[in-house]
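Before we start, here is the structure in question, set down as structure tokens.
Naming follows writing order (A, B, C, D, E and F), and every chain is counted from residue 1.
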Amino acid sequence: MTNSPVVPEVDLSAGGRQVGHLRVPQSRDDSGWGTIQVPIVVVANGTGPTVLLTAGNHGDEYEGQVALLDLARTLDPGSVQGRVIILPAMHYPACAAGKRLSPLDGRDFNRCFPGDPFGGFAMSLAHFVDSVLLPVCDYQMDLHSGGTGMDIVPSAVGHILDDAGDDAGLQAKTLAMADAFGAPITLLLREVNAGPTLLAAAEKHGVVALSSELGGGGRLNPAALAITKRGVRNLLRHAGVLEGLPATGEYGPSRRMTVPDLAHYVFAPADGIWEAADPLNTTVEAGAPAGLLHRIEDPAAPPIQLSYKATGLLWCARFAGRVKAGDPVAVIARDM
Amino acid sequence: MTNSPVVPEVDLSAGGRQVGHLRVPQSRDDSGWGTIQVPIVVVANGTGPTVLLTAGNHGDEYEGQVALLDLARTLDPGSVQGRVIILPAMHYPACAAGKRLSPLDGRDFNRCFPGDPFGGFAMSLAHFVDSVLLPVCDYQMDLHSGGTGMDIVPSAVGHILDDAGDDAGLQAKTLAMADAFGAPITLLLREVNAGPTLLAAAEKHGVVALSSELGGGGRLNPAALAITKRGVRNLLRHAGVLEGLPATGEYGPSRRMTVPDLAHYVFAPADGIWEAADPLNTTVEAGAPAGLLHRIEDPAAPPIQLSYKATGLLWCARFAGRVKAGDPVAVIARDM
Amino acid sequence: MTNSPVVPEVDLSAGGRQVGHLRVPQSRDDSGWGTIQVPIVVVANGTGPTVLLTAGNHGDEYEGQVALLDLARTLDPGSVQGRVIILPAMHYPACAAGKRLSPLDGRDFNRCFPGDPFGGFAMSLAHFVDSVLLPVCDYQMDLHSGGTGMDIVPSAVGHILDDAGDDAGLQAKTLAMADAFGAPITLLLREVNAGPTLLAAAEKHGVVALSSELGGGGRLNPAALAITKRGVRNLLRHAGVLEGLPATGEYGPSRRMTVPDLAHYVFAPADGIWEAADPLNTTVEAGAPAGLLHRIEDPAAPPIQLSYKATGLLWCARFAGRVKAGDPVAVIARDM
Amino acid sequence: MTNSPVVPEVDLSAGGRQVGHLRVPQSRDDSGWGTIQVPIVVVANGTGPTVLLTAGNHGDEYEGQVALLDLARTLDPGSVQGRVIILPAMHYPACAAGKRLSPLDGRDFNRCFPGDPFGGFAMSLAHFVDSVLLPVCDYQMDLHSGGTGMDIVPSAVGHILDDAGDDAGLQAKTLAMADAFGAPITLLLREVNAGPTLLAAAEKHGVVALSSELGGGGRLNPAALAITKRGVRNLLRHAGVLEGLPATGEYGPSRRMTVPDLAHYVFAPADGIWEAADPLNTTVEAGAPAGLLHRIEDPAAPPIQLSYKATGLLWCARFAGRVKAGDPVAVIARDM
Amino acid sequence: MTNSPVVPEVDLSAGGRQVGHLRVPQSRDDSGWGTIQVPIVVVANGTGPTVLLTAGNHGDEYEGQVALLDLARTLDPGSVQGRVIILPAMHYPACAAGKRLSPLDGRDFNRCFPGDPFGGFAMSLAHFVDSVLLPVCDYQMDLHSGGTGMDIVPSAVGHILDDAGDDAGLQAKTLAMADAFGAPITLLLREVNAGPTLLAAAEKHGVVALSSELGGGGRLNPAALAITKRGVRNLLRHAGVLEGLPATGEYGPSRRMTVPDLAHYVFAPADGIWEAADPLNTTVEAGAPAGLLHRIEDPAAPPIQLSYKATGLLWCARFAGRVKAGDPVAVIARDM
Amino acid sequence: MTNSPVVPEVDLSAGGRQVGHLRVPQSRDDSGWGTIQVPIVVVANGTGPTVLLTAGNHGDEYEGQVALLDLARTLDPGSVQGRVIILPAMHYPACAAGKRLSPLDGRDFNRCFPGDPFGGFAMSLAHFVDSVLLPVCDYQMDLHSGGTGMDIVPSAVGHILDDAGDDAGLQAKTLAMADAFGAPITLLLREVNAGPTLLAAAEKHGVVALSSELGGGGRLNPAALAITKRGVRNLLRHAGVLEGLPATGEYGPSRRMTVPDLAHYVFAPADGIWEAADPLNTTVEAGAPAGLLHRIEDPAAPPIQLSYKATGLLWCARFAGRVKAGDPVAVIARDM
């Protein structure tokens, strides 16, 4: 039993479509017993697995939010076997602000798991997801995009798990789920220390789980939105919650890639304006110019030229023009 | 004579290339006599007109900043007849932050003219530009883009001036300058009450002046950067500061358009995520769907559909996914 | 003609009921051309005077906001002769925050008149009210309450005008209007230097104008709400916009009082918790104890006892428990 | 032995009246070894139990602060048998600001127990109370009110404890203590997961403990202050620290009530101005109108009507006029 | 007559010693009619000139504040012929915070003259000083120090006025007043555009006026305090308000110096830690090393060495270790 | 193996001089995968102990930062036997701001040990130092100064450890190391509950460790800088990393002192301006005046006089002029 102070307005075990909120305590100076209302939709029918779909873990990542709002309105309970739990705007204060981090306390929600029931809004909500929702799930997908700063080739993202014991089965199921989702790329990361993310939390509960990177630049990308809408229905078909087979995108099966280490990153050594040498999704060579960093403080100085340190696909590229020292401006992925 | 407290480190009347700063007083708690250093470059030789080129009026508009940094480094004084004054990162605190508005006081620098010598950093700098630089200029161009929120078809922007008296000549010169700049579009606005912008201030000094909108989305757009780099050299050729004729872009001569009134705007009636129906630079019809506004607070409610109220070119489109009530999501331009 | 950048969505000269917004420019980092939507309702029919009713000048004063929202929904255009312009939540950002001052810039809207078209949201809106609305008005009433800090005996508030020339007529009309409004008290203040309030601005335009203080304590006071609802309809009857005679409250005709000078105030000399000796609306004597100021920092020290310096009605009393040095804790009114 | 860095200026084991401070480390940029001085008063004599009385857990709750300041000044050590430890303004930074939450870090002090010696001011102080004061106490009462947002019928508040083992005795002692305190209502809550409150912390130490809700609205309520002043002396009499029997209020013995579950709450579904249908302390019926939520953004829309979902006493009512989505506007209590 | 909303609690025209406050309106969210209490002391007797002494124009300059608090307590009215008006902590919010700039709005009070009666606290107070106090003064001295950032050789500071007409007499009187004050240095500045300082405002009223720089480093410098205490009594003797002759310091008569232009400043070209080559009050040579600027971001890079550009006395030196680009680190004065 | 997400750019086990950064994740709204670059220098050669030298634990303490930047540039790898790891600006965001506390989250880095890999920038960096660097160290010295608020006689600072078991050896080594460092004073503190400092963390790893207080006042003190530069080379000689014997300062061997308890502190009881009776490094007597606290709010009240409560050396004195209630203004040290 959880000791969560979060109260759902919906009955997680009831059938049909329910639309309501999670009521998460958030004390204010002028409302000591105030709550924040996090939207939740449950669509359940018959027997089958439980799939938890989340978006708005970061508030400035829009493809998942719109795809899940659409799914929540249009998923016919009669067509469902099992249960779909949808949190279309999970970290609600960040979503309402259109920011990655919470305007309440600056927290990154994806660094809050497994949470703390009385650790403030984000920790309390993470604890509810971890202690109430994940234990009843079979599948979980947390829909991310590149956010305001980065643009990323639309990808499902999974973990390379330990290859022994229970994890071996989980690994195979994860890959099958990613194939079904059908993004252009499936990016697999060896996250021995994944840290306090929702994806790692789901895996600790034995849930077959994926994250994603579906666009970015702080905008709603129409092509990425189409991939996301198709992907979430593909996933429900794969789980057996919806009938039918997953649909493949016009780009064919998902390409399995990885980012082996920090040598596949290019970091800005100083503040400036970033002028990239190549568009996203280009194949680039180690040693080739990655772009120019323009420093406005000294118009007499030439821009700093940066180079790639690895060969592969320009999978993720700095989108926002202004960068700070230490920001990644390029991430290269390699086929596995 | 000006009573400006701003001190330039360069001699505005000297020849050759000079790189330095405007020293603008900005008192801090720990530095009562502190100054902010605004980069300035002057390239002068022989006789000819004075051209003032500015970028970074808004800090999150990058094409102009990079094009002027490039021009400042590469313009050979020996090739110049006249004088080019370059402020590549004019509203420096906003540029250093990558924000439209100043992190010092939240001011929009383009609402600060004609300034006030002791009204704080932005007002003081605007007063210097207005009382020291504009009086010695023949031509002025202030390079803007759409910023973080909007994406705009690359355009020179000018004013439709009163058609009598001195302004008639100024109007013709403005159109000729815009033709020379050679952006895909020249947008002309009837700004009888232009308000406190640099463009309006320049016109009050009788300077032939343009603004621009060269991209947006908070990124450095490579295509818009190429237009800007070509445009600023075109402008110097047109003024006779550089030899040769303006070069035309692959899209041909600039198309003259206008935005007649607020009926050519679509505004978001509420907060939400904006899903546009059309990409930028599409021809759209009055009455057609402009897009959907998704409201995250109520997953049961359908998105709000908005329609265009005018026929024309989708000249400017909301870029950032999250909008607030009252934000424009589309602006339609018509041929003149 | 105004040079206001504010655009109304309603046609001020059309008949019937119109509900829309004033669109006031407010640039944000992520929306350079953003606007704030200030609700406006116009109900017009036939011929007759124009009455401007405003509430939400301060955002934490609720009786006027609710009374005008009610009036805006229920006023039958067919019953009107003339025009009623209603701004039920005028300083919208403050109203949406439930704060006296603007969360945008900390401004007190009632210190912004006659405004400045490009001086930021509050100044720009004040300029619109002053340059567009007030010139077409015959009567104006700006509905205030005591706000979060103070509680006040429900009162209409007017100015004691110069007794010569045009003002003599205006004074009589003001008193007649206050009598018609019918609050328990009409408080008249000699405001030779009224400062930049809406009331003073209206008087400069020759409009018959009142302010009010209708409750307070940061709450919606039901008794004061009833007085306000009756009062605004009384006012329309008095102006001839509605038929019929003003209705008198159960407390009878309005009592004319004044606060002659600062000797009728009691100020807290230090920070502390205020324990009043008397409830609001009590008749008090000069020299009698006004209350105790408890200082939490030193539990060994006795509370500071303050005394009234004038005899009269405790018209306004500190409501919020915690006070700062310099805060008024009591204001005494005298019969005229 | 505690590892608390908090140092009391008073000797907790000495007799007589001592007035001093707890010195709690709070590093500032300009005072690395700065401390915050939390007032503490100890009155001790002879032999008897130790009673800890606290107020200012939330800074905008005034009845307890004033009652304890009064008690601290007036309690004659000669009349005492045992020890009374008084913290009249416990969460001092919040008290000095008149805010529920700390202006230092936004913390709610009543969610900080059992604290952390090096977790910042609030956690460090909570740890001192928990590890130094509670272990020496027999009785503890933490005096709360409704704060700025809520108004509450004056009540002692206790927990419904597990009915087996040690807790059975503690429960009986708690009820007896509440009866002695003598508020109009004794509200008992089943707090199996009470969270990190001072009340729960006291119970973990086996201390007979109560909280309270004595007024609200951000003001010092004279009637509630009288109840509080009588209550704390009643409590000392009940404990045997003072001679004599507890005095009963004019309203008779305390009425035992409870709030069974969230169905006894009414929550605002959206932001707006709350107009309650009933005054506090009214008996209301499930299904009856609870009030109207006025939304200022759309004057054409009718207010949202909310209804009670339970029958009972309107024990707690929203006080502040402006509410946000998720705020409770009414809480219904039932007789036990 | 002034239209100032500021109300003094003291009678400026009465005799004897009066201690009170200027009551300056400052609206808060929780106190709409709140005021800030600025301490004022008036000591008057017999006939003679009026001297206005002010300190705390900047809140982190302490020598003047302590010297005037001392003078205010110890000046015997019986010894006075004329009137002394003392504002020992003029810009009170900045003084209470120990900051140069106001914590209310970030304003530098010495850039607020002649003020604006309704322009906010600082502007309103400046307007009162300018429109009420300066018109009745014969002499004025505004006591400054170097503040947190700078350390300065104790100096009276005056303006080099136009040498024709009325100003010629004022110049001579200013020099005589500075000689009487008797700081080690009298620094004279040609301030043709002095900007909105109190000193310039006083001169516009024809008041014989001085400013000063008496120490710095954010500390109370005992030596500078002694100079200040002696100086203010010297000044009263010079004016004839006190009997006797000005006393000379152990360093002898004041040395007249000037800072001719910006070439006598050394500015930090970048952020870093400043290591000065010489202590304050050293005679230095143009071309000699002024110090090293250590940049923490790149430990491989050597520090930037800066040199003096003028020969003279190191009159003012950067005190705080951390500097930002554009901060002055040294100011050289020359004998006149 | 650590689970730290911090990645060093240098190879801790390689020889020669390496200059690079620790890359510490710090998510921003516009850079989700952003990092902060903390400078690190490693100089290694041959065989010998590892010495970790750190400065910038607090950002406004400059002597250590400059001394370590100097050491990092000038230490010849060929002269080294063993390894020196240098973090010259450890808590980088605080150092770049010149503040004691982090501008990111207000944390005091010296209260963050042993850290938390995912607890935010400061906790994550502390965890790296604790889990990666300290385990490979033999000696550690963390260079502090008094910061903005305090001025301190230059001192090495060590702990009085338990005198049994392993600690006995560690104590002797600590004293020997302090003697070698050679500051004017070695201050030893009995820190049974030292709290979460780097010094305590180092001791838990069995590292011979010291802290220091080398100046203060927010400035770079030249005399303290010379002591620090000599001290860090002395320490390397003592450890055998450099050849030769430690050099003694002109003041002779380090004097061993201690601050026994809080009775050796003088605290300000209220806010005000502090005027010290004695300069730093004076021998003072219990009962003698320590100074005057001037309260600006009431010019009629005399300053509060405070007295020393212990006899000894005025080892640490309030530097900044403005103090808050609870700030220490004097700390007395005694010979051991």
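We take it that a residue touches a chain if its C-beta (ideal position, glycine included) is under 8 Å from a C-beta of that chain, and two chains touch if they have at least 3 such contacts.
Because the structure is a prediction, the values reported are computed rather than measured.
Where subunit D touches subunit F, the two copies mostly use different residue numbers: shared numbers make up under half of all numbers in play. Chain pair C-E has a twin interface among C-D, B-C or E-F; that twin, with over half of the contact pairs alike by residue number, is B-C.
To fit its Cα atoms onto subunit D, subunit C must turn through 180 degrees, a value rounded to the nearest 5.
If you average the Cα atoms of subunit B and of subunit F, the two centres end up 50 Å apart. Measuring from the averaged C-alpha position of subunit C to that of subunit F gives a distance of 58 Å. Taking each chain's centre as the mean of its C-alpha atoms, subunit A lies 36 Å from subunit B. Shared contact sites, meaning residues of subunit F that touch two or more other chains, fall at 30, 37, 60, 98, 148, 297, 320, 322, 325. Across the interface of their complex, subunit E is touched by residues 58, 60, 99-101, 106, 108, 111, 146-150, 193, 195-196, 262, 267, 269, 320, 322-328 of subunit C. Within the complex, the subunit E residues that touch subunit C are 3, 5, 7, 21, 23, 26-37, 105, 117-118. Residues 19, 37, 39, 41, 56, 59-60, 62, 65-66, 69, 72-73, 86, 88-89, 92, 95-98, 148, 217-220, 222, 225, 271, 273-276, 279, 294, 296-300, 302-303, 319-322 of subunit D are the ones touching subunit C in the complex.
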